[in-house]
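The two complexes that follow have chain A in common; it is paired with chain B in the first and with chain C in the second.
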Partner chain A sequence: MRRSSRMRLLGMIRKESLQILRDPSSISIAFVLPVVLLFLFGYGVSLDAKLIPVGIVIEQPDSATQSLAGAFERSEFFRPYHFDSIQSAQQMLNERRIDGILWMRSNFSSNLLAGQEAPIGVIINGVDSNQANITQGYIQGTWLAWLSRYAESRGHSLPVPVSLEQRVWFNAALSSRLFLVPGLIAIIMTMIGSLLTALVVAREWERGTMEALMVTPLRIGELLAGKLIPYFALGMAGMLFSVALAVWQFDVPLRGSLWLLMASSALFMLVALAIGMLISIVSKNQFVAGQLAIIVTFLPAFILSGFLFDINSMPEWVQLITHLVPARYFVAILQTLFLAGDVWPVVLSNMGALLLMLLFFFTLVWRKSHKHLE
Partner chain B sequence: MSGNPTTLSAVSKTFRSAGRKITALDSIDLTLQPGRVTGLIGPDGAGKTTLMRLVAGLLLPDKGAIQVLGIDALTRPLEVQSSIGYMPQRFGLYEDLSVQENLELYADLQGVPVAQRATRFQELMQMTGLSPFTQRLAGQLSGGMKQKLGLACTLVRSPRLLLLDEPTVGVDPLSRRELWQIVYHQVQEVGMSVLLSTAYLDEAERCDEVILMHQGKLLGQGTPAEFSRPVSGRIFQASAAGCSHRRLQEQLSRAPGVLDALIEGEAVRLVMESPSKPEPEALLPEQQNLQLTAVEPRFEDAFIARLKRRRDLGGMALSLQKKVTANTDDEVIRVHKLQRRFGDFIAVNNISFSVRRGEIFGLLGANGAGKSTTFRMLCGLLPASSGELAVAGHDLRQAAASARGRIGYMAQKFSLYTSLSVIQNLRFFSGVYGLRGKQQKARLEWALTTFELEPFRDANAGDLPLGYKQRLSFAAALMHEPEILFLDEPTSGVDPLARREFWARTNALAEAGVTVLVTTHFMEEANYCDRLVIMAEGEVLTEGTPLAMKTSARTPENPDPTMEDAFIQLIEQRQAQQATA
Partner chain C sequence: MTCFRYILALAIKEFLALLRDKRSRMVIIGPPIAQLLIFGFAATYDLNNVPVAIFDEDRGVAARELVSRIDGSPNFQVITTISHDSEVAPLIDNKEVLLVLHIGQNFSADLMQGRTAPLQAILDGRNSNTAMIAMNYLRTILLDYNLSWLESQGRSGPLVSLQTRAWYNENLQSRWFIIPGIVGLLTLVVTLLVTALSVAREREAGTFDQLLVTPLRPTEILIGKAIPGIVIGLLQATLIIVLMVLFFEIPLRGSVGALYLGIVLFLLSAVGIGLMISAIAATQQQAVLGAFLFLVPSVILSGFSTPIANMPQLVQWLTYLNPLRYFLVVVRGVTLEGDSYALLLNQYWPMAIIGVASLAFAGWLFRNRMY
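This part shows the complex of A and B:
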């Protein structure tokens, strides 16, 4: 009995592997998609601001205003445009040609020299609140940096409280990639584990092959294992491929240990596979399975996992929902392992959550799977 | 080898669909004797597949008990599954695996020892004629080859009971014949029991025993001869010189004592209500040349005699369509060297034929022969890769809407709006063709009465029984009184009674001068056509009248060949040509 069981399982695995190798869509989801996503997010999407177009209005040019304007000219964050009057600058702002205005009034230098507060006016286009925040931050930062340098060069301190605020965005130029790329691995594994698995099982139902399988002496456990093992291997291969790309192509440091990364990935992969299986049990048609997988797994992994948007800045009730998204825990693990290192409390608590989810979904899959067509 | 029979006692099964309860099987009692081929016969929706799945342990009955070869299928489905072989409707093959890999998979699943495989595979490949193709992907096999590979996969470990669910649907007749040979070979060699379902009534005669089902009920079980006994002496062939067979059929169907009149080549086949030979004068007083010959009953006659309620189809036939007045020798459709390629695949290869006004012209062939592709090109839905075609003088792809208004098209699948009611569908389709006001109202009334859809007027089209769906599609295609009618597999899956009604209406249309182009994979339906082409693998094998085709297939051994014999002969000739080429 045991030998025939092994024969059935190996037969299923062989069949599934051959199908993966021959189906261009499996290979592309596992290997082409990671490349596309990694390049898109690694190079294309950046949450940092660079070369922000700002207007500089100098009402009375002198050495101080020249110096401050020069600071903006030299900064890699700005592309300044000069205007003679605030009106023409505002016009440009209205047309969204510039994102902000730095306004140095005629009394700027005299106030500055007098040690009074030198009023610079800053106007920012707040349509895109995120961009506005970033722009504001950079302008403020540049202004404060210039101010301190200016004070030093003059050999006396200014009455302005020169507290050099170290803002996140000063380091951000590079770190948005560092932060996005590890999270992407969770997205890619979700695609392989849930979407691809749901699709291939639904395809078996559609083509009537599932019916043929069920009439063989194949047991339900063998059927599930026969499906899970090859896709687990495919998902882990996709994961390693993405890690390699991240480390060698995008120079993301892997500060944690590889084995811990592997172990937590394996855990997450199993959760994703179980969800994929569950979807294919609910819908036996490829179109519905695909839609469900996108809505139930891919979109939440994208939006609610903390991969792209910070969970802490979400409304309270949305934060609660994110706890139902397995990718949330995995993204946290990934970001920690890549950027911080083996921070055990973080890794273990998130792995614990994944383990609970795994048990829940597997129990569900097991109870819902049977060798009946209804 | 297997002494225990398979029994179903008081088995009922219902399904829920869109909130409604559908009774698929209604307390079925039956026993399958071992070592026999039992045919499960009935139209779509009879419950054949449900019964198969229950026996295979894939479904649980609501009530009743099922013993398969002495094993309780309800409590021990795995044991049942280790002793049966089951081929589902689409053969259960993995199209992206090769022939060999499919066999290997099923051998693994069925626990065939590795040492025995080589000989077993060789045996199966030889039996199915697939030996040259073991490395080919299953998806690249023809329909007939897929069917045989599916069968080989279920036979990989010789099962004691073989379940075949509609193995012959849409497959060319030669492959069908070969499948039957393989099945009988298994029964004789290893004493296998076979349960085979089919919607083709002519296949009933090949079975040792027949189970007849209709709408979830068991109508009878017995040998084919037992089934035809009640109709023996009631079957006649009628012909009348100087009267078109179509008109003759129409007249005879209304004659007293006639239960059923069916066009069969140039003659009309009659099923009488009682077994005495009728006097020709009594049948049709106005027809002097009527000749009647007694013929052997077939299973289909018995089926019709059991199910048909005698009723009058006469009134509707006359009002079906206003006469299309034109010269009947006009060439309405012309196709010359038409070709359609999809990548490397040639779906339609250099076909030529022409259709005259008022003709019923058939495209006969197995699934994948290129019939539907040809149709789509003619209707302007698909551009041709090369060649010429003209429908009423136009290429419909470029023609104006007015030219399209002259044709009617009934698609293969039910293509009306399932969530609209019958009357809403008809109103929509008549509106699309520009019918308004009084004219539209008149046509709507006409459609509801002619197709007897009045009782279903406000029912959702999706909830109609299959036969009524087909009527509704047919009515929708006729709302604008087209001159040319395209019917793509109109009778597929429809029960024989509904098929007869359909052909009666089509005949009436042709009588009124409408040109009808129809595709079918039912060989015997070729007899309804004035002329037809037989297609295989995208090519036209022959063109002509059904009679001419059957005459050319006549051999000393087979003096009265059927359309199927003619088709098989053509395919064999083609294969011989390909082999020498």
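This part shows the complex of A and C:
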């Protein structure tokens, strides 16, 4: 009896594996997509602004305005363009060719020499508010550095009551790649686990081969296990591959232990598979399954997982919703394991949450997958 | 004349195939609205109530004044005070706080004697963008603090100050940037899926060959297949834009006509790419996966969440093939910047070219790719 059960299971696994191997699109989701995504994110996507095009308007050039303009020219953050009237600079800003304007009015230097206030007008294109904030920060930094140099050159020092010393742990250089790449692994795993599984099982329903499977002596548990095991293997292979790329290609440090990374990934993979399975059982056709998989797994993993956007800053009710997104827990685990190390309280609490989700979704799958026809 | 009747009949058939199934109807209409609402609130780079721990070894009035300024800012929330160095690491490691502010013993003394008093900030850099934004908030608070300290001492601040104004998004709310982006994102997702499956479904069922032997010419099949995607995309985009303006109160400053010209061209290119994927795919599964393989990079490389200007040159060139890239400029241009046709011309023609080229290629594939 046990032997025939094993044979049935092995047969099912063999069928599923062959299906994966024969369809180039499954393999490409598991291996090509991770490579493309990791390379795009690793090299292509960066939140670190560099060479921001700014317009510098000097209405009356002299030594003071020159030294200020020089500070911006020497900075590694700016690519300055020079204008002699504010109108022409504003025109460029309108056309999106520069991101900001520094405006020194004609009375700038005379006020400065007379000991009166000489404000610099700064206009920033605020459409991309995040970049605008970063640009503003760089302009402020350059301005402060110039102030102290200018004061020194005139023989006194700039009074700075409190100065800020920053120490950023885990990512001292504030390179966005180091947090984007681990977060991306969660997204890739979500896609392999949920999207692929959802489509595959939905196809069996659509083609009627699910009914054919039902008349076989396969038990429901064997059917589920036979479907899941090959995709689990595919997902874990994709995971290992992504970790290797992250560490060797993108120099993301892996400060935690590899076995813990693998254990939590396996747990997450099972949750993703269970969700994919559930989607396919509920939808039973590939169009609906594809839509649902993108809507309930990929987009939330992208936006609600804390991968890009800070969860603590979301409204209370959205934060509650994020607790239903498994990627949220996995992103926290990944960012901690890669950058901080084995921080047990973080890893264990998030793994606990994943375990609860796993139990919940597997129970649902089990109860929904009756072996009978509609 | 008969040509139009044929196309109309085919388009009606396509609509029926799509909307007959209750579940299909639901996934087209329901989720995009729910997503706009949830993501609209979720997708923001602005930080509020960042948890902060204070490690104050000075306990002077000046230090207290600084702490109360930080606690009073909507961006920060002091959740705990610590008294020992060893408490810093667990707080940050366990993600209980994002930021620890260390005020040294001589803080007040330094300030009183006119020396520069250091303030140490220790940040969790696991999400470096969040860390950097928090740092910027802190700097702004500190700049104000320094100025008012100098004033209270009867000394003047620096003569040269910055008077910063932001255009288009005056309060620098990232919601104003992200939500118009979501219009493009959701429209692309639905249009692509609707069209990517349309040919593949018929291929799988074997009815595509039948369609090819009808008096319909490939161009007519193409147009008939394209119409549902464009109509559904147009309705959906309109719905999302109405919600965006009425519910999220994003301004619509430019010309609505310029926006709709952008939407139509964008839909044309999305439908073209969707049909192309559909014509290449042999099965529906391949079509969905193909749509996905296109969708993910095109979202990432569109400037939706990270600026194109920060990408390396090679990747920037790649983004020129991405219709979403142009459409996002149109949506944000019309809503926030108040643009009209002239300023958006450079966004229109690439989308038109992508649309026409992909549709032509899809039509060619209809005839020349048989299984």
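By definition in this document, the second predicted complex is superposed on the first by the 322 of 374 C-alpha atoms of A that agree within 3 Å, B and C clash if a C-alpha of one lies under 4 Å from a C-alpha of the other, contacts with A are read in each partner's own complex, and residues count from 1 in each chain.
One rule holds for everything that comes next: a contact is a pair of C-beta atoms (placed from the backbone, for glycine too) under 8 Å apart; a residue touches a chain by one contact, two chains touch by 3 or more.
Only a predicted model underlies this, so the values are computations on that prediction, with no experimental measurement involved.
> Should A:G121 be classified as contacting the first partner (chain B), the second (chain C), both, or neither?
second
> Which partner reaches more residues of chain A, chain B or chain C?
For chain A, the partner with the higher number of touched residues is C.
> Should A:D23 be classified as contacting the first partner (chain B), the second (chain C), both, or neither?
After superposing on A, A:D23 lies in contact with both chain B and chain C.
> Could you say whether A:F72 touches chain B, chain C, both of them, or neither, answering first, second, both or neither?
In the superposition, A:F72 touches no partner, neither chain B nor chain C.
> For A:V318, using the defined touch cut-off, is the partner it touches chain B, chain C, both, or neither? Pick first, second, both or neither.
In the superposition, A:V318 touches chain C alone.
> Answer with first, second, both or neither: which of chain B and chain C does A:K50 touch in the superposed model?
Only chain C is touched by A:K50; chain B is not.
> Can you pull the chain A residues that chain B and chain C both touch?
On chain A, the residues that contact chain B in one structure and chain C in the other are 23.
> What part of chain C is in contact with chain A in the complex they form?
Going through chain C, the ones touching chain A are 21, 23-24, 27-28, 31, 35, 38-39, 41-51, 66, 92-95, 98, 111, 114, 116-133, 135-136, 138-139, 142-143, 145-146, 149-150, 155, 158-170, 172-174, 176-177, 189, 193, 197, 201, 281, 283-286, 288-293, 295-297, 299-301, 305-307, 309-312, 315, 329, 332, 336-337, 343.
> Can you tell me which positions in chain B touch chain A when the two form their complex?
53, 56-60, 77-78, 81-82, 84-97, 101, 104-111, 153, 163
> Over in the complex, which chain A residues touch chain B? Could you list them?
Contacts found on chain A: 4, 7-8, 10-12, 14-15, 18-19, 22-23, 207-209, 211-219, 371-374.
> Using the touch definition up top, name the residues of chain A that touch chain C in the complex.
23-26, 28-29, 32-33, 36-37, 40-41, 43-50, 52, 68, 93-96, 111-112, 115-134, 136-137, 139-140, 143, 147, 150-151, 158-172, 174-176, 178-179, 191, 195-196, 199-200, 203, 206, 283-288, 290-292, 294-295, 298-299, 302-304, 306, 308-310, 312-315, 317-318, 321-322, 332, 335-336, 339-340, 343, 345-346
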